[in-house]
Amino acid sequence: DELRIGYQRSSTLMSVLRNNNSLEEKLAEQGVTIDWYEFTSGLPMLESLNVGNIDISADVADTVPIFAQAAGADLTFYASEAPSPAGQALIVLEDSDIETLEDLAGKRITVTRGAGNHYLLIAALESVGLTLDDVRVSYLPPADARAAFAQGNVDAWIAWEPFLSTSRATLETRTITDGSDGLASYTRYYLAATPYVEANPEVISTVYEALNEAGNWVNENPEEAAELLAPLWGNLDPDIVQTANLNRSYDVQPVTLEGLGEQQKIADAFFAADILPHAVDATDSPIWQPGE
Amino acid sequence: MSFSTYTETTTPVKESAASSARTALSSSKGGTHLHLKGVVKKFGELEVLKGIDLEIEKGQFIAIVGRSGCGKSTLLRLIAGLDRHNAGTLSADGHADLASTDIRLMFQDDRLLPWKSVIDNIGLGLKGDWKPRALRVLEEVGLSDKADVWPAKLSGGQRQRVALARALIHQPQLLLLDEPLGALDALTRIEMQRLIERLWQQHGFTVLLVTHDVQEAVQLADRVIVLEQGQIGMDKAVDLARPREQASADVSAIEGKVLKRVLGQ
Amino acid sequence: MSFSTYTETTTPVKESAASSARTALSSSKGGTHLHLKGVVKKFGELEVLKGIDLEIEKGQFIAIVGRSGCGKSTLLRLIAGLDRHNAGTLSADGHADLASTDIRLMFQDDRLLPWKSVIDNIGLGLKGDWKPRALRVLEEVGLSDKADVWPAKLSGGQRQRVALARALIHQPQLLLLDEPLGALDALTRIEMQRLIERLWQQHGFTVLLVTHDVQEAVQLADRVIVLEQGQIGMDKAVDLARPREQASADVSAIEGKVLKRVLGQ
Amino acid sequence: MSIASQRLASNRWADSALPWAVPIVLILLWQLAVSFGWISSRIMPAPLAVIEAGWRLTASGEIFYHLGVSFQRAALGFVIGGGIGLALGLISGLSHWGERLLDSTVQMIRNIPHLALVPLVILWFGIDETAKIFLVVLGTAFPIYLNTFHGIRNIDSNLMEMARSYGLSGWPLFTSVILPGAMSSILVGVRYSLGLMWLTLIVAETISASEGIGYLAMNAREFLQTDVVVLAIVLYALLGKLADEAARFLERRWLRWHPAYVKGD
Amino acid sequence: MSIASQRLASNRWADSALPWAVPIVLILLWQLAVSFGWISSRIMPAPLAVIEAGWRLTASGEIFYHLGVSFQRAALGFVIGGGIGLALGLISGLSHWGERLLDSTVQMIRNIPHLALVPLVILWFGIDETAKIFLVVLGTAFPIYLNTFHGIRNIDSNLMEMARSYGLSGWPLFTSVILPGAMSSILVGVRYSLGLMWLTLIVAETISASEGIGYLAMNAREFLQTDVVVLAIVLYALLGKLADEAARFLERRWLRWHPAYVKGD
């Protein structure tokens, strides 16, 4: 049997597993081999999961599954990482006149459409009584966003790790807010094709265990992890990688119905902002629990 | 049609033309019998041919003369099946379908393929081992040293001779020549006339020759036809024995008559 | 050069050619004096012109005859500055720079722009109100009904006449004609010969006419030059009064001599 | 005659209907495939679902808004890019030095994917309209460059020589010979450009756009709204058809003289 | 003679050096701009940094690996796509029915951005090699289609007529007339295709790739490695130059007869 795993270079735990071969070894005992599929962004990864080109995916931000659900994709949650609210933050350049969230009114802010930071922006604006209509939003992928941000084409950027730590290290920035004030918990979810989960629960179980171990290893060996990840992430300075990892929980947990409560909030916010064409029931998708 | 009979001729051009008898024609399998009845051709409003009636015997050599723009090329193109006539009937050997007849038209412009050498242009459409034959025709039109040259590097008269060679090598049953010698000097012209006459005598195909040189017409043809205002203005048989003397009184007399008609006197 | 003198002629072609006197030339401002010394032209290995020495007086009418491929067109192209010679000198009115001379060459092929109507082809390169003049020349070459037709719809002889009209309308100081009448019937040919002669007499430009028709050469030219193997084989002055009778004994005598030379007898 | 006109009428019918045959068959197959469940409608929407999405966006006027915005960007980029391409193509085509200097550079820049260029474009032009239009300029300039270059190179050199020797140069030479001679090739370039105009726009509209058809498509893709994705594809196809009709219109208008572009069989 | 050969030598030098003049000047300006701090090296790396990145990737062999993988995809896609484009172009160009049936559809499909098509391609072909090669096929087929079509249309109809009337049809007609006649245009199509080959590959390599030059570029872009992004752009430019040289080589080889493609002034 083959297990087709989709991952991104920025998928920390999958990258760790891919590098230390531990998942391969464990699955080999079950007679399963792995095919790794690398994607340059989360979008084509879920596309592929939806049409059945891969079986399971690495982590994606909490907002992403909602769009897949809206499109009727047949996906199952099989793991999540505990919230990392500090993993994304709204930053401005040092000399910016933006001091508080209120100052954002009328300003130009860049986020990535449908990514975790998109929701953080909505939530942050809402917390001070603003909506997306009160600011000028520029939707850009992180690479373009950083160029636009550094050039001063936009006034603020909501970056996520590892781009956040990189920017903090190389540009003079200030942080206006991150998700830690209860704005957005920034949970990352692991998804799989439902038919595959139903047919191979024991494989999912093994993957879940391995991810859990990898998370623990990263948290316990930050330096080694940074050394491992730095070359994968475009030859970043290992110190920056270490800083970035500190903002992520890497605590792999089972998905719970309560945990999906925030998902519903996100879905409703996107629907209210006209970003989703119709309302979505976030709890609609099956959840795989360890021990099943 | 094979070129085999051609290969038997080893005597040089001049003598051959003089010595080969008129009887050569009868021994050959002959050309096409052509019959035109009330053929009309219009280009939009312009009626170029206004009902042409013409019957041409197998193996006859016809010369067509007429003023510039009177419809000579148009007539040849109709017979060759390259244009459609608007009224009347055309038939070859009794068949209305001219496509099945073996016809070659030497166009008024040379139409050499610029991307093929002279020799390959002559070999166009030939099958089998045509190279030696092509080289021989090329020699007969006096261009054996130009075999591997691109057409763009030829002089005007040389291009015309290559086009002539290309038409002659096929030896079709019906050969249509549209001013084949217009760009040639006097001497080359006489040589080419002799070449055409000799091949015609050997193979007995039917020839329609459009020319502006009335002397040439009388010299070569069995019948000279003058096209005038879209109709046949004169149809003059030339019943002179061959080989014909270039400046004989008989030839000059007929030439004078035809020329008078052409000059509208 | 303006076309104004042209407009003064209102008499029809035939009479005008007959009545205009030789003296018209002397009153005109005259053409180019041309001087060639040891002009050599090679195409790769092929030495086409092997040292041509030629001096042409202002306003002379020169005819050049010679076998196909002997280098007539090449010579005209050198004089027109379209090709470079490999050795020797060319000069016009004493200047080595031919580019500054007012020359028009009528090419052997017609070179009409397919995307311009006949009248626009004739007007090519003219400035000001050239339409009426163009229409008048077009009438003189007998094609006034074809003014707005695309060149693709003309017969071979019609195309040649349009090219002739295009060359004549410029009335340059040096007019080079490369077989301008090769595709024309006897009558049209005579008309065009008269037209060329009349214009030459009116404007007195220098003319170099390449032709295969020796009679035409003798009829029109002050001097007939025979090109042979890349050199001038014969340079025959034709000292006959104009207008010349078509079939006069004088003309025939000279014609006979030149023809003999051309035929290599 | 009546048969001919009937044939013409049926031809006209076929001419306008046939081009739609293949697309319609494809759409029917697709609807069938979805209806019979060969393809899950979850991952590939049925044509009817796409029509519904189209209807929804049309009714809300959204689609026209997006099209309008894109059209403005496209048109502006095309005009600038086409102009630059034409200018560079003329320089390269007309001067050997221009070709040496420019051609390599242009060919190199042409080969850089817009997608890879986006970060640099943002650096240079920010994230507003300028950046988007710059990308369209880049995309549309090259086809016109390449085809102008090619078209000029392939102008019959005999015609160029004629025009030059008839005193044409500069602007008159350009309008009389170069432009019409290269036109059929330039129009092929225009066809490409009109297509690429929309293609580059989709990349351009990933740069911080919130309107435009490229935005519509990429936005839908991001949110896995396959019906809108397919709708956008259909829109692009129709825009392609439109651009093609525009190019055809220009061809019919500017290439009337060209036998290959005249309607009829 | 010696002057001529000197001129030739200096020409040859200029011919090979000049094309690099513009790129080198651009690079120097860029280095200066970064050195003098007009552009922050934080957001735009200096040429030296790019060279360094290139050296790093070369030393580790990585770059050759990526190039190799991409090259395989590109070549396979080009061969298939070029073949399809040629075949469809021949059908459309040679048969009026073919044009009616195919041309519109092809023009519509051509206009669909690959980026928009990716979701459907994933659906049809999965995320493995097939999908990537399919996109390259799509990208390379259309330029060759369009230029083959255009090239065939623009073959001199007189030559086609001549060839047909000389008994050519089918394969011989194709190899003797159609292919060489359309070749210069087809080669322009090949130039486009060779460029688009790399362009589509970058889109194709966003579909789950972990090797290839497109992957290298997009991956670097994602991680803000501007030096590698710029390196990739330079690589694309060089590949464009290479493709162009290949096309030129074919032009020189197959268009030897064509005056415009012969070397020398």
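Labels for the chains are A, B, C, D and E, by order of writing; each one numbers its residues from 1.
As a convention for this text, a residue touches a chain if its C-beta (ideal position, glycine included) is under 8 Å from a C-beta of that chain, and two chains touch if they have at least 3 such contacts.
Just so we're clear, the structure is a prediction, and the values are computed from it rather than from any experiment.
Hopping across touching chains, the smallest step count from chain C to chain E is 2.
Across the two candidate interfaces, B-E and A-D, the one carrying more C-beta contacts is A-D. With centres set at the average Cα position, the gap from chain A to chain D is 39 Å.
Separating the centre of chain A from that of chain E, both taken as means of CA atoms, is a distance of 38 Å. Mean C-alpha positions place chain C and chain D at a centre distance of 50 Å. Between the CA-based centres of chain A and chain C the separation comes to 86 Å, rounded to the whole angstrom. Counting partner chains per residue, chain C shows two or more touched chains at residues 109.
Shown for chain E are the residues in touch with two or more other chains, namely 43, 118-119, 123, 206, 218, 221, 259.
Listed for chain A are residues 47, 51, 141, 143, 147, 151, each touching two or more other chains. Checking each pair of chains for touch leaves A-D, A-E, B-C, B-E, C-D, D-E. Partner chain D is touched in their complex by these residues of chain C: 80-82, 103-105, 107, 109, 111, 113-116, 124-125, 150, 152, 166, 170.
Only residues 158-159, 161-163, 165-168, 172, 176-177, 180-181, 183, 255, 257-259 of chain D touch chain C when the two sit together in their complex. The touching residues of chain C, counted against chain B in their complex, run 43, 65-69, 73-74, 108-109, 153-158, 161, 178-179, 182-190, 212, 214, 259, 262-264. Those residues of chain E lying in contact with chain A across their complex are 40, 42-43, 118-119, 122-123, 126-127, 206-210, 215, 218-225, 228. Residues of chain E touching chain D in their complex: 14-15, 18-23, 26, 39, 43-44, 96-97, 100-105, 107-120, 123, 143, 146-147, 150, 153-154, 157, 184-185, 188, 191-192, 195, 198-199, 202-203, 206, 214, 217-218, 221, 226, 229-230, 232-233, 236-241, 243-244, 259-261, 265.
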